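Each of the next two complexes has subunit A plus one more chain, namely subunit B in the first and subunit C in the second.
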Partner chain A sequence: MASVQEQTILRDPQLFYWILFPITIVMVLTGILRHYATVLMQSAPQKQDIRAIREQRNLLHGIALRTNLNQLSLSSFTARKNYLVAAYNRGEFLKDQENKGKPPANPMTDPAGMDQMMNMLKGNMAMMVPQTLIMGWINAFFSGFVIMKLPFPLTIRFKSMLQSGVMTRDMDVRWVSSLSWYFLNLFGLRPVFSFILGNDNAADQMAAQMGGMNPAAGAGMFAPGQDPHKMFLAEAENLEVVGGQHEWVLDGVIERLLAAHN
Partner chain B sequence: MTTAAEERELLLNPVVPENVLHNTKTVTDIRSLTGSLFGVAAGILGLESYWGFIFYLVGSCVVSAFMVALNTGGRPERYFRGKSEIWTTEVVSGSSMAGFILTWTLFFGLLRV
Partner chain C sequence: MAILSTLLSYLSSHPSPLRLPQTSQYLSQQAPIFLSSSDSSKDTQETWIVYEQLLLSCLRTGDDASAKLCLERLSDRFGRDSPRISALVGLYEEAAAKDVRELESVLKGYQDILKEDPTNMPIEKRHIALLASLNRTEDAIKALTALLNHSPNDAESWSQLSSLYYTQGMYPQAIFCLEEVLLILPNAYNMFARLGEINYISAQGTNMDGLIESVKHFARSVELCEWYLRGWYGLKLVTGKILELNRADKAGGIERKKIEALNEMATKKLAEIVGKANRRERGWGGFDEAEVEAAKALVDSSDVKTVR
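Let's turn to the complex of A and B:
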């Protein structure tokens, strides 16, 4: 087998100065640009109607009470719960009381919903455009020759991807073209970004893609198109359910304290 | 321990998400910095294939030992759930490994080939 013998290829050191470093620098600068573009493109949160805020806050009040119920004594929990459940069922906190039973408005016509969608679209654009541009740039300028040798072996399956444009059948897969250096940068530059820009940066493309999988996770609570009255009714039911499992944390605290200090 | 007892324990000693996030962030920062530096070292030493990854794992263990000794004062269970979490967080998956491979490849290519 020919593969036993080590393949050596003489390369011009200029390859490093004119390919490796430019790609790295461009990737880092693109990440920084992405970060600042994302920061700049975020539109400031709009001032909301006082009634809309009241609706949201009161729903969050119920959720907070439900999650922290054990911090309260049974009597004070029951008092809060009774007040909230009664108000929820009456629909007291609703933004527009007369629309209680009607289906929600079309999210496409709601200006708040439009705004949210615009933000999502901008985030996707900031991710897709540089990625496409850089891949195209690398393919246009730097394809067709190998630039480096990986320090670890890969299976033959990677050959078509990592040696794209190099038409040699027998070359070891460890010799790779510039596109694979691009991929390494794509995955490995996150530490660099977090040291340049801090931890909450928007520079990393891979992280942005992971986050892009579920864009509804953060904004899902008050997404347009949901009937707030239904949410209030569901929350009232939840409060009633957890009310049966109440167990105060301060029950038996004296015994625990004494046991801890014995 | 039954589920009810576990829940009760969690109520008496609650886990604050902000603190957990901060501790994990600290570990991640240390790991990604040291991961990149290990890559530089491995590239300069000219390690290949398995030896590079073994070097990375051994180095990560050393870093974990330092974190246990210096950052947590020898008591990682005060900052993490369980004693083993600080040894395994962010070692194999995550940005630390990717940074290691990046700098390893770069310095290997610059110096050895």
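Let's turn to the complex of A and C:
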């Protein structure tokens, strides 16, 4: 049986020092730079108005009453429920009571929403700009170089991943091109960054992309564009509904305790 | 071991060091060592938590020099305008104030800050605490209700308002506030026991419905936490009271048999706790000594009665 012929390519060992290392080092350094640039560019979290805080927390109060209603006796619960439902229906806790029935303002013109979008834009820019620059740099100087050979065999599917920039059909998959090395670095440096910069670093591509997918997660419960009055009305209705299912935890507690300890 | 990790492990095994004098004394003794060590210049989250705890402990034990140093480093790092730091600064000024006049000026400072930024919760709370410690309970209650109007989901404030109402003898209001705490922390067994205590006190030892209510709260408290000394203590005390008052088969809708069984159970548990705590068994060291002593007295007194 004929043994598989190993492909040998004669490489200048200097390729190793002048391409592999520079790409890696530049990637690490830009990652660190990006982290600090993001930290610098972040604007301080905007202070909330006391009326906005009041609006949010009073809604949370209703939610707490609804979820933990069984801790109270029926009379205590009903008194609280009646108070909250009446206040919610009146719109007593609203931030701006004049705008009660009006449609919500356009999120584009809301200054709080603008601020948030600006922050997102800054984050995206900090990610896109260096990526574009480095990719351009690698394409201009190192395109077409085969710089290393992996010590293990791979299937043909990996060819497009490992040999981008080198259009050779017959080359073994184990050879890695410089552009591919860049991509490997881009996604594989996460542990290095968390080692250097700590866990919450902004250099991490993955975290940035995840954050980009769900920007509303950090924005609190009142996303711009939602009508708080409607939320209050809905909560008032929830409270009315849940009132029918009240069951005090202290009912039968003596029997439960006696049963548990006998 | 480095001082920072020593302190961190101490803090994780004693999560609220201000509760006991020994723990805060230990921390304040460590403070100068920590402040002069190289660990104190690390800029990590843990370091600053340690700084804050040391500051509080030093203020408590009267080591104002170390406290000032801690405070300076904290404010250098985070700036004096940060709400949390400004509250610590206020706390230091309160501790360093020599007479009521100086305290009044600190109070004035708090009011100025609040006028400028009404969302500064730490300062708002300091303001209330200072009012209460100046014996201006009414003002403190007013300020607390204002705070709770915009933040009704702050359990700490509700329970403080409850204790202020309690000192004024306004028991229904105190109970109302504790119920609000339960809405936020539904499994707070200490709050159930506290509700039992206030119900018992407001029943004046004669109102049967109030006593039964109190028994129920204590029962819930020990149902949630099997070894809660105050819960068992209250359960025993109140059931004993009911048995004494009422000779009928039924008291407030509960059979006498059940009350007796509860009383017996509480006696057993208390005796067990007292025994284990006094023998200093492993894992039973967390009880307050005064409370264990009181429980022992209660158990002993009831023993005498049954013998008689």
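The rule we apply is simple: the second predicted complex is superposed on the first by the 188 of 262 C-alpha atoms of A that agree within 3 Å, B and C clash if a C-alpha of one lies under 4 Å from a C-alpha of the other, contacts with A are read in each partner's own complex, and residues count from 1 in each chain.
Keep this in mind: a contact is a pair of C-beta atoms (placed from the backbone, for glycine too) under 8 Å apart; a residue touches a chain by one contact, two chains touch by 3 or more.
Here the structure is a predicted model, which means the values were calculated and not measured.
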item: Touching partner for A:161 - first (subunit B), second (subunit C), both, neither; value: neither
item: First, second, both or neither for A:258, with subunit B first and subunit C second; value: second
item: Which superposed partner A:249 touches (first subunit B, second subunit C, both, neither); value: both
item: Partner chain(s) touched by A:76 [first = subunit B, second = subunit C, both, neither]; value: second
item: Partner chain(s) touched by A:61 [first = subunit B, second = subunit C, both, neither]; value: second
item: Partner chain in contact with A:47 - subunit B first, subunit C second, else both or neither; value: second
item: Partner chain in contact with A:149 - subunit B first, subunit C second, else both or neither; value: first
item: Subunit B/subunit C common contact set on subunit A; value: 70, 249, 256
item: Touching residues on subunit A, where the partner in the complex is subunit B; value: 11, 16, 20, 24, 70, 147-153, 181, 184-185, 187-192, 194-195, 199, 247, 249, 256
item: Subunit A-facing residues of subunit C, complex; value: 117-119, 149-154, 176, 179, 182-184, 186, 215-217, 219-220, 222-223, 254, 258, 261-262, 265
item: Parts of subunit B lying in touch with subunit A, wherever the complex brings them together; value: 8, 11-12, 25, 29, 32-33, 35-36, 42-43, 47-49, 52-53, 95-96, 98-106, 108-110, 112-113
item: Subunit C-touching residues of subunit A, taken from the complex the two chains share; value: 47-50, 53-54, 57-58, 60-61, 64-65, 68, 70-72, 76, 249-250, 253-258, 260-261
